[in-house]
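Structures for review follow.
In the two assemblies presented below, subunit A is common to both, partnered first by subunit B and then by subunit C.
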Partner chain A sequence: MEETRWTLRVRAGSKGPSTIYVRRRQFQAGEPLHFDPEYAHATAVEYLLAAIGADLVGGLQVIARRQSLQMNQVEAVVSGKLNNPLTYLGVVGEEGHPGLEQVAVTVYVSSAESEARIRQAWDEMLKRSPLVNTLKPTVRLDLTVKLVI
Partner chain B sequence: MGVLPLFPVTTVGSWPRPPELLRAQRMKRLDQMGEEEFTQMADLAVLEVLRLQEEAGVDVVTDGEQRRDNFYSFVAEKLDGVVLMTLAEMLNIVEDKAGFERILQTLDVPAYAISNAVCRDRIQRRRPVAVDDFLFLKRHTDKPVKVTLPGPYLLTRSMYVPAVTKEAYPTKEDLGEDVVRVLRAELNDLVKAGADFIQFDEPVLTEVVFAQGHPRTFMCAALAARGDPTEELDFAAYLLNKVIQGTDSVRIGLHICRGNWSENEATLLRGSYHPLLKYLERLHVRQLVLEYATERAGDLLVFGDMELGLGVVNPRSQTIESPEQVKRSIELALRLYPADKLWLNPDCGFGTFSNRPVNTPEVAFRKLKAIAQAAATYRG
Partner chain C sequence: MPRPLVVGAVLYDPKVATIWDIMGEFFAQQGCPINVVFYSNYGLQVEALLNKHIDIAWNSPLAWLDAQHRSGGQCRAIAMRDTDRNRVSHLVVKQASDIVTLEHLRGKTLAVGAKDSPQATLIPLGFLQRHGLRPEIDLQVRRFDLLVGKHGDHVGGELEAFRCLERGEADASAMLDLNWDRWAGDGTISPAEYRILASTGSFDHCVFTVREDFPRDLEEEWLKALFSMRYDDPRHREMMDMEGLKQWLPGRTTGFGPLGYAVEQLGFFQGR
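On to the complex of A and B.
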C-alpha cells in the first residue's frame, strides 16, 4: 500500500497563540502548558488530551455504525497527569520529567443496546485506535466505558 | 388530613427509579415512546414505591417522584415557555465551565444525563404540574399524601439563563412573578383536589448562604449568577410567601438541604441553619423539612412555632440507622420541640436525580422501616 502521511503546518504567533493549518482548516493553540485557569487558549497538552478523547468517542461511533449499534449519546471525560509539571517550569532541584505519566478517560454511552454489545464495540475500538496504540507503550492509560441510560 | 399518629413518618419525595423506567424515560425523551405507554410504566413504578412505603410503616406517602427526571426539571413538560436542556446542551452558555466540570466529575455522570428546565418564552401552565400525579396516588391509598413541588426561588434561579431567557424576561425578578402565578394556580388546584401536605423544595437557599467564595454545588444554582445573599434570601422569602398566601387549609412544608448529589459527605455544604433563621421565621409555612441526620447540619434550632420534619437518616449512606439511633435524635429534638410538632423523615430524597440515585430501593426501604420502628415505640 502506498505510504500515507498526515501533514500540517504550525506557525508561532508573535506574542499570542500558534496557528495550526491543516487541510483546508485552521485553529489556534496556546503554550505547551499553563497553570492559570483564566488563560485564554487551549494548551498543547489539553489538545493532546482532547485528541485522545475525540479518538475514543469518534472511534466508538465508527465501530457502532459498522456493527449497527444504536448509541444515542457518547461523551468522554479525559484527565492527564504529568510526571512533574515543575520540571516544565524549570524549577531548580526538581526531578522527573514534564511528560504525561497517566491519562484517564471515562466514556459514557447512552444506548438501548445490551452492555455486552457496547463492551464488545469498545474492545474493538481500542484495538483500532491510533492514539491509544501510540501512547500505550509509554503512558499509563486508564480507559473506562460506562453505560449511563 | 385525618388524625395522625405521634411523630408521623414520611419521605422527602424521591425514590430510585427501576431500570426499565429509566429506559422508558430515555425513550420518551427521544420520542421513541408515547405518553400513554410511559404513563403505564410509571404507574407501575409508583404503585411499587407506594407498596414499599406502606410496608415500611410510612404514615404520609409520596409517589417517589417516579415520573420526574429530577426534582425540578420535569416542569418543562408542564409549562409553555420552558424547554428541557441537558447540561451538555448548556455547556456553551454557562459562565463557570470549570465549576460545572468539577460537579459533573464528582457526580460521575455525563453532561447529557442531567437536564435543566430553561425559560425561553413567557411561561404558562400547559397542564397541571402535579395534580394528576396526586390523584393517581390518592386513588390507590388510604394514607395521607404528600406532594412535592419545586419552590419558586429554585425555579426562578434555575430557569433564568440570561442568554436564553432575557428576551422574554429582562430580569429574574420578572420571571419570579410569573413563577409565583403558575405555582399559586397549581397549589390552589392541589388544595381543591384534596392534597394533604404540599412540600416546596428550595435546596438552593443553603447554596446562597454557605457557598459564597466556594465552588458552586448545586447543578441548578450553577446556572444563574449568584447575587448578594441578603437580597437573594429576601427575594426567596417574598416569592414563597406570595405563592402560599391565603392557603391555610392545607399543610405546607418547605424542604431545605445542603445538596444530595454525592455519597462523599466532604463535598457537600455544611453549616447550621442559623443564617437562614430570620428568613425562615418570616415564612407562612407550617413545617420545615430539614436535614439533621449528619453533623453537617449543625445544632438543632427552633423556627418560631413551625413544625419540624426532622431528618433522622442519611439517604446517601449504605449503613442502616438503627431504631435506637433514630430515637436518640427524637429525644434530642424533644428538648426543644413539643411532641406534636415533630415529624420524622430522611434528610432528603433517595433518588433526587433519576440517573444518579443516592441509594438502592432496598437500603431506602430499610432506613424508612427503622424510622417507623422508632416512632412506633412512642405510640400507645
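On to the complex of A and C.
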C-alpha cells in the first residue's frame, strides 16, 4: 500500500499571523498562545484544541451516518490547561513546561436514540480518532459525552 | 538606536504580560526601547538588579527594602504610580463582633495573607506590635501563604484570610484599602456585615528601582518617556487602567517607614 501523507505549508507573516496553505484552501493562525482576550487571531494552541473538538464531533457524525443513528445536533466544549504558562513567557525561576497537560472535552448530543446506542458510537469513534490516539500517551484527556433530549 | 534598557518585573499571572507588551510598545514609540525580563519572585529580581542583569526593577515595597538591605543602601527609587502613594491596610471584623478597639484583639485570632505580603501581613502585624500586641504572643496569627515570593501581588492569600474571617475561624482579617474598596464594590464583602476596626498608618507600595551607579542621563531619558504618559490620551489610558494609575510620579522613599518598622520588629531579613 502506498504511504499516505498529508502536507501543508505555513508561512510566517512579517508582524501579523502566519498563513496556512492546505490543499487549495488557506487560513491564518496567530502566535503559539496569547493571554490577551482581545488578541485578534486564533492561536496555535486554540487551533489544536479546536482540532480535537472537530475530531470528536466530526468523528461521531461519521459513525452515526454509518450506523444510521439520528443525531440532531452535536456540539463540543473544549478546554485545555498548560503545565505552566509562565514558562512560555520565559519567566526566570519558573519550573515545568508550556505543554498541554490536560484537555477536557464534553460532547453534547441531541438525539432521540437510546443512550446505549450513542455510547456505543462514542466508544467506536474514540477507537478510530486520529487525534485522541495521538495525544493519549502524553496528555490527560477527559472526554465525556452527554445525551441531550 | 540606543541600547534598550532592561526592565525586570515579577509575573504572578500570564495576563500581566499583556500590560508589559503594551508598555514595551509605548517606550519604543517614545524612542526609548525597553526589553522586559520576567521573574517568578522578587528575590530573583533583586538579585538580578544588584548583579546588573537588569537596569530597572519594578519592585514591591518589600523588594525595595530588600534591595536596599542587600546593597547597603545603594539603590534609588525613581518612579511610582499615584496609587502607590499613601495606601493603608485595614483590620476588618464582623459588624456583630464585640471587638471595637485594638486591645480587644488580645487573645483573638487575626487572619493575614502570605508571610511576605507587605499590605496583608507585615504592615498590619507591625502596626499591632506598635500598639502593644505582639503577634503569636498576645494574639494568634493565621497565615495564608499563597504564592510566597510574589510579596502579596497575588491577592489570593489576602482573600483567603477574609474567607477565614467569613467562616468564623478568625476574629479579624487584614487587607489593603484598595481591596476592601474593590471587594465591597463587587459583592465579595458585604459592608452591612463587616466593618473596619482600624487602619494602619499610610505607606507607599511599588516603585521602579535602579542601582546607585545607573547612569543619570539614561534614567532621565527613561523617566521623561514614562512621565509623558497621559491619562487623558486615549492611546495611553488602556495601559494606565490596566496598571491601575492615573499618573506616574517620581519615586520617594518616605512612605516605606511602616514596612521598615515591621520588617525590623518581625526580623524578616534575619538569618539570610
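In this section, the second predicted complex is superposed on the first by the 149 of 149 C-alpha atoms of A that agree within 3 Å, B and C clash if a C-alpha of one lies under 4 Å from a C-alpha of the other, contacts with A are read in each partner's own complex, and residues count from 1 in each chain.
The working rule: contacts are C-beta pairs under 8 Å (C-beta built on N, C-alpha and C of every residue); 3 or more make two chains touch, one makes a residue touch a chain.
All of these numbers come straight from a predicted model, not from anything done at the bench.
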Clash or fit, subunit B versus subunit C on superposed subunit A: fit
Touched partner set for A:L86, first subunit B, second subunit C, both or neither: second
Which of subunit B and subunit C A:T138 touches, first, second, both or neither: neither
Touching partner for A:Q102 - first (subunit B), second (subunit C), both, neither: neither
Touching partner for A:I149 - first (subunit B), second (subunit C), both, neither: first
Which superposed partner A:S114 touches (first subunit B, second subunit C, both, neither): neither
Computed vertex angle (subunit A) for partners subunit B and subunit C, CA, steps of 10°: 70
Partner chain in contact with A:N72 - subunit B first, subunit C second, else both or neither: first
First (subunit B), second (subunit C), both or neither touched by A:F35: second
Lowest C-alpha to C-alpha distance for subunit C against subunit B (Å): 7
Complex contact set, residues of subunit A against subunit C: 35-36, 85-86, 88-94
Sites on subunit B touched by subunit A in the complex: 19, 22-23, 25-27, 30, 88, 98, 104-105, 108-113, 355
For the subunit C and subunit A complex, residues of the former touching the latter: 11, 14-15, 17-18, 21, 37-41, 44, 48
Residues of subunit A that touch subunit B when the two form their complex: 37, 72-73, 75, 77, 106, 108, 110, 112, 148-149
